[in-house]
Amino acid sequence: MATELPHADGVEPPPLSVVKANVHAALAEDVGTGDVTAALLADVADIAYLLCKQDCVVAGRPWFDATHRALDADVHIDWRVLEGQRVQAGTVLATLEGRARDLVSAERTALNFLQTLSATATQTAAFVDAVRGTKALILDTRKTLPGLRLAQKYAVRCGGGHNHRIGLFDAVMLKENHVRAEGSITAAIRAARAAQPNLPLIVEVENLAELAEALHEGCTRIVLDDFDAATRREAVKTTNGKIPLEISGGVTLETVRAIAEDGVDCISIGGITKHVQAIDLSMKLGPIPAKYA
Amino acid sequence: MATELPHADGVEPPPLSVVKANVHAALAEDVGTGDVTAALLADVADIAYLLCKQDCVVAGRPWFDATHRALDADVHIDWRVLEGQRVQAGTVLATLEGRARDLVSAERTALNFLQTLSATATQTAAFVDAVRGTKALILDTRKTLPGLRLAQKYAVRCGGGHNHRIGLFDAVMLKENHVRAEGSITAAIRAARAAQPNLPLIVEVENLAELAEALHEGCTRIVLDDFDAATRREAVKTTNGKIPLEISGGVTLETVRAIAEDGVDCISIGGITKHVQAIDLSMKLGPIPAKYA
Amino acid sequence: MATELPHADGVEPPPLSVVKANVHAALAEDVGTGDVTAALLADVADIAYLLCKQDCVVAGRPWFDATHRALDADVHIDWRVLEGQRVQAGTVLATLEGRARDLVSAERTALNFLQTLSATATQTAAFVDAVRGTKALILDTRKTLPGLRLAQKYAVRCGGGHNHRIGLFDAVMLKENHVRAEGSITAAIRAARAAQPNLPLIVEVENLAELAEALHEGCTRIVLDDFDAATRREAVKTTNGKIPLEISGGVTLETVRAIAEDGVDCISIGGITKHVQAIDLSMKLGPIPAKYA
Amino acid sequence: MATELPHADGVEPPPLSVVKANVHAALAEDVGTGDVTAALLADVADIAYLLCKQDCVVAGRPWFDATHRALDADVHIDWRVLEGQRVQAGTVLATLEGRARDLVSAERTALNFLQTLSATATQTAAFVDAVRGTKALILDTRKTLPGLRLAQKYAVRCGGGHNHRIGLFDAVMLKENHVRAEGSITAAIRAARAAQPNLPLIVEVENLAELAEALHEGCTRIVLDDFDAATRREAVKTTNGKIPLEISGGVTLETVRAIAEDGVDCISIGGITKHVQAIDLSMKLGPIPAKYA
Amino acid sequence: MATELPHADGVEPPPLSVVKANVHAALAEDVGTGDVTAALLADVADIAYLLCKQDCVVAGRPWFDATHRALDADVHIDWRVLEGQRVQAGTVLATLEGRARDLVSAERTALNFLQTLSATATQTAAFVDAVRGTKALILDTRKTLPGLRLAQKYAVRCGGGHNHRIGLFDAVMLKENHVRAEGSITAAIRAARAAQPNLPLIVEVENLAELAEALHEGCTRIVLDDFDAATRREAVKTTNGKIPLEISGGVTLETVRAIAEDGVDCISIGGITKHVQAIDLSMKLGPIPAKYA
Amino acid sequence: MATELPHADGVEPPPLSVVKANVHAALAEDVGTGDVTAALLADVADIAYLLCKQDCVVAGRPWFDATHRALDADVHIDWRVLEGQRVQAGTVLATLEGRARDLVSAERTALNFLQTLSATATQTAAFVDAVRGTKALILDTRKTLPGLRLAQKYAVRCGGGHNHRIGLFDAVMLKENHVRAEGSITAAIRAARAAQPNLPLIVEVENLAELAEALHEGCTRIVLDDFDAATRREAVKTTNGKIPLEISGGVTLETVRAIAEDGVDCISIGGITKHVQAIDLSMKLGPIPAKYA
């Protein structure tokens, strides 16, 4: 069993105020005016364990904890795995001890966070595994579940991926319509740099001529938009490491390895955050059964 | 093309305050301190169209609209499809007219809502199709994306499904631990009815003996927990329509038809809300190209 | 003196987040930019006691406690009565120990909650007493003080009453205008059941013919609207326990017993929540005087 | 019929942000996740009228309007009475025109505001009538319904009363414990004036000796605490109009006239805000029937 | 070194809810989606000290503390100076002990509060010093930094000043346009007193004739608007202490003493809150160096 | 007079939701429970003009407008100057037309925003003027007024300055303590880049040796910490334009030109946001007098 640590090395969750806002919204919609079934239980202390029923990469502990603590400030949760840790079906992830009514009232909301964020981490890890040994980083996108942007971006990091810009505010990203408006890649880059000299400047190019312009003018990263494999390889050769190259759009687990081996620096994958294959988890009242101990 | 109507017949979206709260949270995380790229565009009016690139059932118009209106109160959105309508890849769903900067700032967040909720509606519709001709209703569960409970439950209705309880507050649901605590199904039902005489009372049973007890004592609906096919059929026969029967847990598109044909009343499916296969949509600036017109 | 317990048996208060939101709003309007009088007191610890000056049924402890704790997280409040307990004038309900300035700053707001909610519990208990020995339950309505719906519904339970639906979201309630729109009671019930198969369905009927229709079609509960005594008794006879009958509108302490004795199941009373005869309470600094000890 | 004016002369409602916050809280608890019954109605426009079934003084129009507008921004409400106007049972107060579903969804919450605030205005007016011809003003207190302080204080003004301090922040009020702490009325007044030279300073006195001290030292207003009638008259004589005198505590409609005739300046009445005898109102769909026109 | 006390004698900070709202807003804009630099530090405990690099009057401890506590509930802050205390450059104001990452994440926001509020206190103290020995009080105005009204008004008190009204709600202030509307000072005062008999009534006069009217009619305080020195002295003589006189507008550190010596009661200074000369402070990780010990 | 445009070319204000949140907080603290003086005015329409009494650079129109609109949605504001425009004392900046009570209730809060933000823009412009003709950009810092970070950063842009990072979330900034923790500049940069490959990476260096290391390893910008003039010039020479150099700390209007002429790229100035010399503005009811027309 892993040493008990708050989270995977180098992966810091969003500020606690963000986690709490997510949890507050989710509890409001589930508990609403009160859990009418839990109120039927005796008002006693109880224990429970959290079982993972599917191989996965774990992510979402801060949300799971905050959900339980919102209902019972004194609940004790003892994690047996780290954030970002790969676990196998049948692993007990944590044990809990607290007021019985609050354990069951928090159960579904806490699991909903953990199953969704672990899904993101697990899917990310699959892509990270697929490109292992190449220099390519797996990046996320802004195609996220509304309201869970920061949570999912954290889960991506837990899965070994890296974050693209968080939103529209922390990097400039020039696309076709800016280039058309300014007349050329060069003009568009210059206008952007003049307006935002201190922000990352990402430029999407449509062909090798635009790539050459961007390389000449300079920017933070260049995105190759819908290049075929041969042109992509040509682009990597031309660029020669001068500016990081990103591939975006339509990449799958089947195609990602070949792309990485071409020598690109970053591959961004919308699917790791917009699709969700929820991980199968459950919380059970009582002590850990012998078969899982 | 369908007549322009606000939404599918009989499907009312959540209160506007709920939609706006979802949109506010999502825009805060995407636009944050300001869209630094959109600020580079000329401050002019523009038009755009919303293209669906995958067969699907549409859901999420109120969130799409509210996102655009939050940035540009005067944006004009002209929908060409209804909520709940089945559309084919290549359909233009809507045209937009507004301030260019705001169209692109709202784009991603608006699409994130529509692609997620249409995924839920589409997946629901697949299950509804699979049981067509039987009396079984497809129900959702509380396994939803945190913060999007009401939005997803609305999408389920758009897809032809029905809603189970919204949360912990609007129905009593007795499970194994209540039965154990009270000593019997009968005792548990009586305790629940005394405490909550005016709420729906759903009872989960483990075997035919418990079913008989529940049928005798009466309740709103009975859930058969993990019954094999033969016992399930026996249960339907015993119940004989006296109280609605629900099947829950582990049902897939492959198995749902057989279950429905056994004569159960409701089948609840966690997967339609906890898993998401986002629908492929995009917004393009400019007029609708001839090929889509 | 009663054993110290958090609240009356089986009566669970609304979620803490609801209580805190009530308290936050009330303190904001009373303390506002700061208590200018309390700031003149020495900054010392002090004790106080809470005196009830009128016979009543106590309700509102969670709000009283949360008000004091919002100003002084370390205040100690020692309750000597249970929620829902009947007490006589001259009873010391609790003793308090905390920062003197905060005790007096919280005093009025804490008392305003307790005097209002105890009023609701006390008035409810009067109706519950009046029908004792019959099978009739006393229900509340949606005629509540704006912002205090859940608090008052909890106070109704403390007084021995039961809750009707919480709001517009947790039950369908068909009235005259729905029946007119659909053409008949039968059609209205069928439309409602098709749209909301999983929610309680309450039907208001105007006469015995409509009652017969509703009984035949089936629903969760039937409300007799403005029936005279003879017709009401006829209705009870016809219904014969098949579906619970509710009497609503214009019932007073003088008339409630006779109605209950006719054999109806539920009597809903707007007056227990819309009218308030605040209970006379006061908080005094210092130890409990001998006459109350 | 009165000329159409927004509100009683000289009575300004609280800021719109306060009204909207009240309405938001009240709609959240009533409409919650959506009005399941209204969703069954056809989605059409309709008209309605608001009928007063009891003699009263009207107060609460801004809250009534804001409730309807929160659900249907385009609703048209045509008031036929002023805020603060005395009306008789059978008066149609307003007509409404808007989306049918929203009219019925807003109905109960809008009425709850109007029936509660008109109750406060009506009760206030009864006290104002009782002292008419004397110089005594009727004041409210801080004994208000939690969350509705500003709304009720406005209703008091609509009823012809005046407002005491709003809360703990806008006046210093010295009572027994401050006098004891400082050693004398004089010392307490001086300490308060030094700390808060620019706020009203209200001093409660227990006897004629304390009154003399307060008169000598000076303050904004003096409250006579529990003086018998003879001493009260002596106090009025001694004071001789130098500083306004307030009577507080235990005043009823039966006793208020005699107190006013003794020549005091202000009489504060907890009962006008802490007790509520809700006014009987109803909203009906359709045109005004002939008997009310 | 001063005895450790929570704050300057008699100066109570705004309610904790106000402080926390200020801190929440400030942290949201600084920490936003997370401190990406602090996340690079080892996750260990550390100590730090807060150094004042400029002579000043300290104000803002509650905001400094609340900022650090918002990120690390267990941080320990040991203050070595009082609120309102005058300190010299080179003074260590406090030592801190907590999680290293949180110390540096909170640093800038905590300092921003302390440097801004100490600036207000320091500037106030300069005016208070300038009038020492006269009876004139230094008052603030409503010319404050948006969002920091209560914080700055508290800092004014820490600097020895007094607060004018907090906002538009806690005093009536008649100016030229009211006098013009009502026809005379006398009429304006009477109208105001009738509408708001229980609030302070401040009257601004333009000349000695208006002053005479105001003195005759009576009010809480009179403001002399733009009087030359001779007329001001005449005004003081005429008033003869009957009603407090306030001088407002255009007063500087150079002119304030002469004005005070003329015998006015209050001098209000917009500059102490609208101008800010931030105090130079810094937080350093590690133990206090010998030179500051 | 300038052509009427919404704001200075290329300067986009923060999202409207940010502006509204600022305005909401400021109005809450000023208007509070209601403007008791404005309520005395007749309820009529009126006009007003906004006069600038001091040479300045204008900034803050969105906040000024939003304040007035929050109280009177129909107010008409006609601006005669652009954001970022230099104006002279005696310029009428705008005319207003709306409900008289709301014009005066909004006045102070609206002016507080405009006087504070124009102060920031004006001070920024002074530094921008001082370095004109050099390549140096004037940057702001995180030393801002709590709660007004985005507003002040916008005002800096209006004054011709550029924004440093917004907060802790949008760039990595390595300082002495990170270098010490990692063992060297090189190691610190590598660790930061590995953790945050897609964010700007700013490195503060203490001497020429560290500068050489940073230049060799590469980063987004290098900050020279407390270099004397000779070493600074040496640094510029060594760097030779390879990476932008920033000077930070202790720069004044007197010293900024010389620093810029040394060839650095950016000079960041805490004083333009942490100090405020509020601009003298006033709003007057009535038409524009002839002398200003």
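A, B, C, D, E and F label the chains in the order they appear, each numbered from 1.
Here is the rule we use: a residue touches a chain if its C-beta (ideal position, glycine included) is under 8 Å from a C-beta of that chain, and two chains touch if they have at least 3 such contacts.
All values reported here derive from a predicted model rather than from experimental measurement.
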{"item": "Set of chains adjacent to chain A and to chain D", "value": "B, C, E, F"}
{"item": "Duplicate of the D-E contact set - from B-F, A-F or D-F, the pair where over half of the pairs recur", "value": "A-F"}
{"item": "From chain C, the most remote chain by mean C-alpha position", "value": "F"}
{"item": "Chain E and chain F: spacing of chain centres that average the CA atoms, whole Å", "value": "24"}
{"item": "Rounded Å distance, chain A centre to chain C centre (Cα mean)", "value": "46"}
{"item": "Centre-to-centre distance between chain F and chain C (centres being mean Cα positions), rounded to whole Å", "value": "53"}
{"item": "Residues of chain F touching at least two other chains", "value": "10, 29, 31-34, 38-39, 150, 166, 169-171, 195, 199"}
{"item": "Complex contact set, residues of chain F against chain E", "value": "21-23, 25-26, 29-42, 63, 104-105, 108-109, 111-113, 115-116, 142-150, 166-174, 177-178, 181, 191-192, 195-196, 199, 270-271, 274-278, 285"}
{"item": "For the chain F and chain A complex, residues of the former touching the latter", "value": "10, 137, 139, 162-166, 169-171, 195, 197-200, 221, 244"}
{"item": "Footprint of chain C on chain A - complex, ascending", "value": "24, 27-28, 31-34, 38-39, 43, 70-71, 101"}
{"item": "Of chain E, residues touching chain C in the complex", "value": "6, 10, 12-18, 150, 166"}
